Amino acid sequence: MPILSLQDVSKSFGALKVTDGVSFDLEAGQALGIIGPNGAGKSTLFNLITGNIAPSAGRVFLDGRDVTRAPPMERVRAGVGRSFQIPQPFGNLSVYENLLVAARFGGAVSGAEAPGFCMDILTRTGLAAVAEKPSGALSLLQRKRLELARAMATRPRVILLDEIAGGLTDAECSQLVITIKAIHAEGTAIIWIEHVLHALTSVVERLMVLNFGRMLMIGAPDEVMASAEVREIYLGIEA
Amino acid sequence: MIWIDTLAQGLLLGGLYALFAAGLSLVFGIMRLVNLAHGDLIILGAYLILTIAHATGLHPFVAVLLAAPLMFGLGWALQTFLLNRVLGNDILPPLLVTFGLSVVIQNGLLSAFTADSQKLTAGAIEAQSMDLGIVTLGVMPVLTFASAVAVVFALNQLFYRTALGRAFRATSDDAVTAQLMGIHPQRVFAMATGIAMVVATIAALYLGTRANFDPSIGPARLLYAFEAVIIGGLGSLWGTLAGGVVIGLAQAIGASVNPEWQILSGHLAFVLVLLIRPRGLFPRAND
Amino acid sequence: QTKSLKIGYVSPQTGPLSAFSAADSFMVEKFLAAAPGLGLDVEVIVKDSQSNPNRAAEVAKELISRDEVNLILVASTPETTNPVCSIAEQEEIPVISTVAPWQPWFIGQQGNPGDPASWQEFDYVYHFFWGLEDNISTFMNMWNSVSTNKQVAALWPNDGDGNAWASPDVGMPPALAAQGYALTDPGRYQNLTDDFSAQINAFKQAGCEIMTGIPIPPDFTTFWTQAKQQGFNPKLVSVAKALLFPESVAALGDLGHNLTAEVWWSPNHPFKSSLTGESAADLAMAFEASAKRQWTMPVGFVHALFEVAADAIKRTDDPTDSAALAAAIGSTNIDSVVGKIQWGRDNVPEFARKNISKTPLVGGQWRKQADGSFDLVIVENANAPNIPLGGTLETLS
Amino acid sequence: MNLSRPLGLIAALLALTTLYALPTFAPRAMVQDLFGILTLLVLAMNWNMLAGFAGLVSVGQQAFVGIGAYAMFAAVILMGLDPLVGVLIGGLAAAAFAVPMAFFAFRLNGAYFAIGTWVVADIARLAISQWKALGGGTGTSLPKGTAKDMAFVGPIKEALGVSTAAAADALTFWLMLTLAVAMLATSYVFLRSRMGLGLQAIRDNENAARSVGVDPLRIKAAVFVLAGFVTGLCGALAFIQITRVTPDAAFSVIDWTAFVIFITVIGGIGTLPGPIVGVIVFYALQRLLADYGTVYLIVLGCLGIAVMLFARRGLWGLFTDRSGIDPFPLTHRPPTSLALRHGDLK
Amino acid sequence: MSPLLQIAGLTAHYGDFQALFGVDLTLGQGETIAIIGANGAGKTTLMRAVTGVARVTAGAVTLAGDNITRLSAPDILVCGIAMVPEGRKLFASLTVEENLLIGAHARQGNGFWTLERVQSLFPILKERRHSPGTALSGGQQQMVAIGRALMSNPQVLLCDELSLGLAPVVIKEIYAAFPQIKSSGTSIIVVEQDIGQALRVADHVHCMMEGRITLSGRPDTLSRDAIHDAYFGVSHA
């Protein structure tokens, strides 16, 4: 049974159809990449999966259970962790506390285990040095790392990553890829929205292209990248 | 035919509440400001009319013309020097400041005018009535209702037919983008509060001729006014009128069952409406 | 030898009830001026209840435990007197209280007002004023002198006074029934109600020619203008509380003319102060000169509070002994500026006799003068024939 | 730094012991004053939990005070129970009322929530006004001798050698003090607990909180009902001292909510010590100016306005910002920071 | 001749968080420049800082020699800088025509752009003038937003991500209006993520990353790889 399954999910904001009949299955432990131009509806798709917004039509299944009407916190506890494209830290809490919230609530980590568990993630994401800093004072890069770390702290079985590599240097990006590969290797399924294609393709097994809310293509990264249509739409440059 | 009378009286009462609420609705709709001092500002308006009427011997209906510009100035100054500084996402600062203002106005009036009951005397018209066959309606309540409709109509014209109204709506939609249009939100807010105070002065006229007032009586009807605004839906002036009428009708119907139920019925109508429509009867699409 | 003690005085000096307290400082000064002559070394600590019962309780506690007063005087409305008396009774500090009809004062302080069997006397708190029965008979005497259909409209709020008036045991309904009057009572309303159409409809339906009630002034104004607008025109309107003060009546304008009210004190009352020897008229004039405003009924009663206090203290060997002072108050028998004050008389029901002394009540009618001001003319005195009439009762229509 | 914490703890314990011992040596007036202060403090701490930490700006706290008070009176007068049992019933009744109130009010946001709670409180007032057995709109008093018969009053009277009234004062004072201390301790523990962490996350970003598994509605409802319970206890206890209740007095929005809001805001909303600071300022002002009637209230109004204009986080916020001292830190420190430093050394 | 708009050492913060790190930029009279960069690079913040919406913590903005750094947003508009904000930001309770008219709210005197001229630039705006602004399609909304900004007759027009979420045909249609806007004497700064589009319209391109300008040049001199590096912050693997 797929761990996550979308059936014909659509979402409109007023007259604007942002997600248009998207269907796909994600098997446990699989990694899926999503690309598409700005405003294609990628983040919206995440919001639909996590329950931050309700679909206008269609259904969302987790482990075969219909969660279309379930609130976000229920889905987190069922194993869906997410990061936000625009980082949304709990600004008055420290970095460590941000993780603590996620671990204690979303990850159901016990009070005794939580500190070690959180520090471990902070170390893996390179945030250990700023653990006590108020998260509101972080730089953009650190905020993005915090997004990843916080999502990890919910102990997800599917982790949704929204543009966490933008603006990284080469070295940083490679480091990030290693971290994500490690998460993947632990058996966590991944959906990753990213513009940095080479990073994406080094992790995912399948790639989906969204345009105007519609799923244009889904398949092996090589096939997808080879498509002229995708190249034009994605980079906006006639190849 | 008593029930027709009940409904008619409830409707007219709704007009009074709508009049109390119209200024509140304006300010609430444009800048999300919960003005807890609105009731006291109405009473302040009543004292102003009274003072002018006493000093000049003018009829209250004429004195109100002199009071209105003064109240406009007061509203403008209040907004400019006080309220603009506390507007923001957090609703608490404006709540606190207007509550502090309410305390200050009440006690200021108390020191200036003592706690004696006052009333605006409008003369014979107060007791006059119109016999419509099935119901007999007081001239003053009908005038009150008509004024409420006129005020709401005028405010709506202002809102939808003038450049100022356009600026009001734009600022209310999105104050940051409004600045990019060359609008100073703070000046717009000051205008709005000034206009709200003019409306409050009109409300003061009818409150002051209807019953006695003293400095402490302002907050008594504030809750009904808020109920009217919320039932109507944020930013909808006709909604506020409808909200006032809902409260007025509910109170009248409740009272006809038993006067013990009068005020309770108004509150229960409010709760009922919000349980069914948490954003009121006529909410704006984009809130 | 001089007796020294501390007296606390609680009244609503600010807030909506402050009209009752206009004479406070004037009377306190008068008392302090008279005290040395009586061999008293007293200090009067004045506390403001701010018209708020919670605050009244708080200042009573302060007077007792911080200022350690030996006696508390309290005046004006059950909202002020009852919290103060309840606390003083618990604390065993004597209190002289006035200006609240005795039923809301006595019954209102009982744990279960609905169960007369549970009512208890008080040991330390004493009250002088009139009661509902006096008010009712005064009003009914007026009504009896005019020919009407005996249909009475009643406007009673859901507050201490309104519930007492409406009580089927001690209130107006049994008295009306006994004299063949029919009552239309639509039910208790909340104070500061904006619409009385339901009541007016009921009154019109029943064809009431007499209207009575005990509303607060703003509510009566609302009611009475609405009644006029909706064509309810009773022949007689006898309203308690709302028409006490000339300002409230003046606020009604023409509509205030010939309304009737209970009169507990006036400059025409043939009484003298036991403290200063001044007549009622002297006292009213002195007050008007000092306060620059028209006399009001509480003036006499606030004065009488100090008369009773002075008298009781004089008769107590050690006024700092609470029980002795309370006993002295209970055995008061003086002729004060508001009439005779003596507890334990048989004009009060058995259960309240110990704590209540009644003063006379007559009926008055407000008459609009040429200059727009209003005069209160005494038109009914059957319960106290020694108080002279000033005119005869006129009907409204 | 390392010394200041235990020293502070010792000072706090000393102060607490003195407070508990107060009725044995201090004049009654002081005990009563402190009772009044503690009443306001408990109310303010509760409102602070709601508005300052849970973002629930309630203007309906008087509902809980009133219901607590009336339930206590009902227990004493109608059921013949001990007033102290009545206080507990008062708290439970208020908590029970908080449930439907939350059901209604939680559908509303921001200003709507504030007005909604106010309306619900007024509904409670009007409904209680119809309760004839407790006097309806007239209200009722505690039967004579209630204080005398209250549990523990006899022994206290014996032990301290004071009058019945003073013994009752001492008893209610100890109870209110215990309530205040318990409230302070519970708030601290709660805010540092898992739920408290969730609450602060919600306050910072509700959407993100939901996305890491925090259920805002549940936490807020828990805080709301708990605050209702404690406010009800406090109201019931306060009215044992007032001895007389009327609907208007028990459900007074000014006495039980508005002043409490002032206190919290002046002291510092969203900080634990804020209500303590606020209540001290409030009380000082009242002592200083109460005899000036209107002036006192005008000053209070202006002070509230000034704090909002110039020191949003109140006097306590001003103090912590200036001095950098915060004796009640709510933060969770990462465990390994010490270990890491060790690591560095190696 | 000094440039029309000069931005020097501009720094901006959101609370503790620094979003711009000393940005320098010039815009000549009649010129069109493009700013490109990844999400969160600070492009919008730069636009907001220039128009007085975001708080500038250091640096200066001069327009035709006048320092306008500390002016309020409405005053900066009056000076002659108008913005088409990211996400269009139409006023939901205003009709299309009212949305255009509000653009002229603070306008003093006459200028080239009038309601008629804007409506003839984008004819659909006349046709739909009574609809609520937000009921239009994304592209049409973008036209309203541009028209609204033009109604103040600005010397400088800032356009933030005009192509966001729009179909290529619609983007073309919108950019087709640019020559006419330029010919009215308005200088333009466009912020774009659509690199191709940016390269087509601009006389000069600046690439932003992490709150700094990391690459500048004429479109024809910039290599695709260089842009790609600047854009994504990584070189091709």
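A, B, C, D and E are the chain letters, set down in written order, and residue numbers restart from 1 in every chain.
Convention: a residue touches a chain if its C-beta (ideal position, glycine included) is under 8 Å from a C-beta of that chain, and two chains touch if they have at least 3 such contacts.
Everything quoted here is computed from the prediction, not taken from an experiment.
Q: Please give the intersection of the contact partners of subunit A with those of subunit C.
A: Expected: D.
Q: Supply the minimal count of touching-chain steps required to go from subunit B to subunit C.
A: Each step joins two touching chains, and the minimum needed here is 1.
Q: As a test of understanding: of all chains, whose mean C-alpha position lies farthest from that of subunit E?
A: The most remote chain is C.
Q: Measuring centre to centre, with centres taken as mean CA positions, what chain is farthest from subunit B?
A: Centroid comparison gives A as the farthest chain from subunit B.
Q: Using mean C-alpha positions as chain centres, tell me how far subunit C is from subunit D in Å, no decimals.
A: Subunit C and subunit D have C-alpha centres separated by 38 Å.
Q: Using CA atom averages as chain centres, what separation in Å is found between subunit C and subunit E?
A: Using C-alpha averages as centres, the distance is 76 Å.
Q: What is the distance in Å between the mean C-alpha positions of subunit D and subunit E?
A: 53
Q: Find the geometric centre of each of subunit A and subunit E from their Cα atoms only, then give the gap between the two centres in Å, rounded to an integer.
A: 31
Q: Identify all positions of subunit E at which a residue touches two or more other chains, and write them in rising order.
A: Residues 134 of subunit E touch two or more partner chains.
Q: Name the residues of subunit B that each touch 2 or more other chains.
A: Residue numbers touching two or more other chains: 110, 260, 263.
Q: Would you please write down the residue numbers of subunit D that are in contact with two or more other chains?
A: Residues 126, 129-130, 293-294.
Q: Just spell out which pairs of chains touch, all of them.
A: The set of touching chain pairs is A-D, A-E, B-C, B-D, B-E, C-D.
Q: Sort out for me which residues of subunit D touch subunit C in the complex.
A: It comes out as residues 27-29, 31-33, 36, 76-78, 126, 129-130, 132-144, 146-147, 163, 165, 168-169, 241-244, 246, 248-249, 252, 254-255, 290-291, 293-294.
Q: What part of subunit D is in contact with subunit A in the complex they form?
A: Touching subunit A from subunit D are residues 194, 197-198, 200-201, 203-205, 207-215, 331-337, 340.
Q: Can you list the residues on subunit E that touch subunit B in the complex?
A: So the residues of subunit E touching subunit B come out as 51-53, 72-74, 77-78, 82-83, 85, 89, 91-94, 98, 101-103, 105-107, 134, 148-149, 152.
Q: For a test of understanding, state which residues of subunit C touch subunit B in their complex under the given definition.
A: So the residues of subunit C in touch with subunit B come to 14-19, 51, 158, 186-190, 192-195, 197-199, 201, 205, 217-219, 221-222, 225-226, 228-231, 245, 247-248, 251-255.
Q: Quick one: in the complex, what on subunit A touches subunit E?
A: 14-16, 37-40, 85-86, 91, 134, 136-141, 163, 166-170, 173, 195-196, 198-199, 202, 212, 235-238
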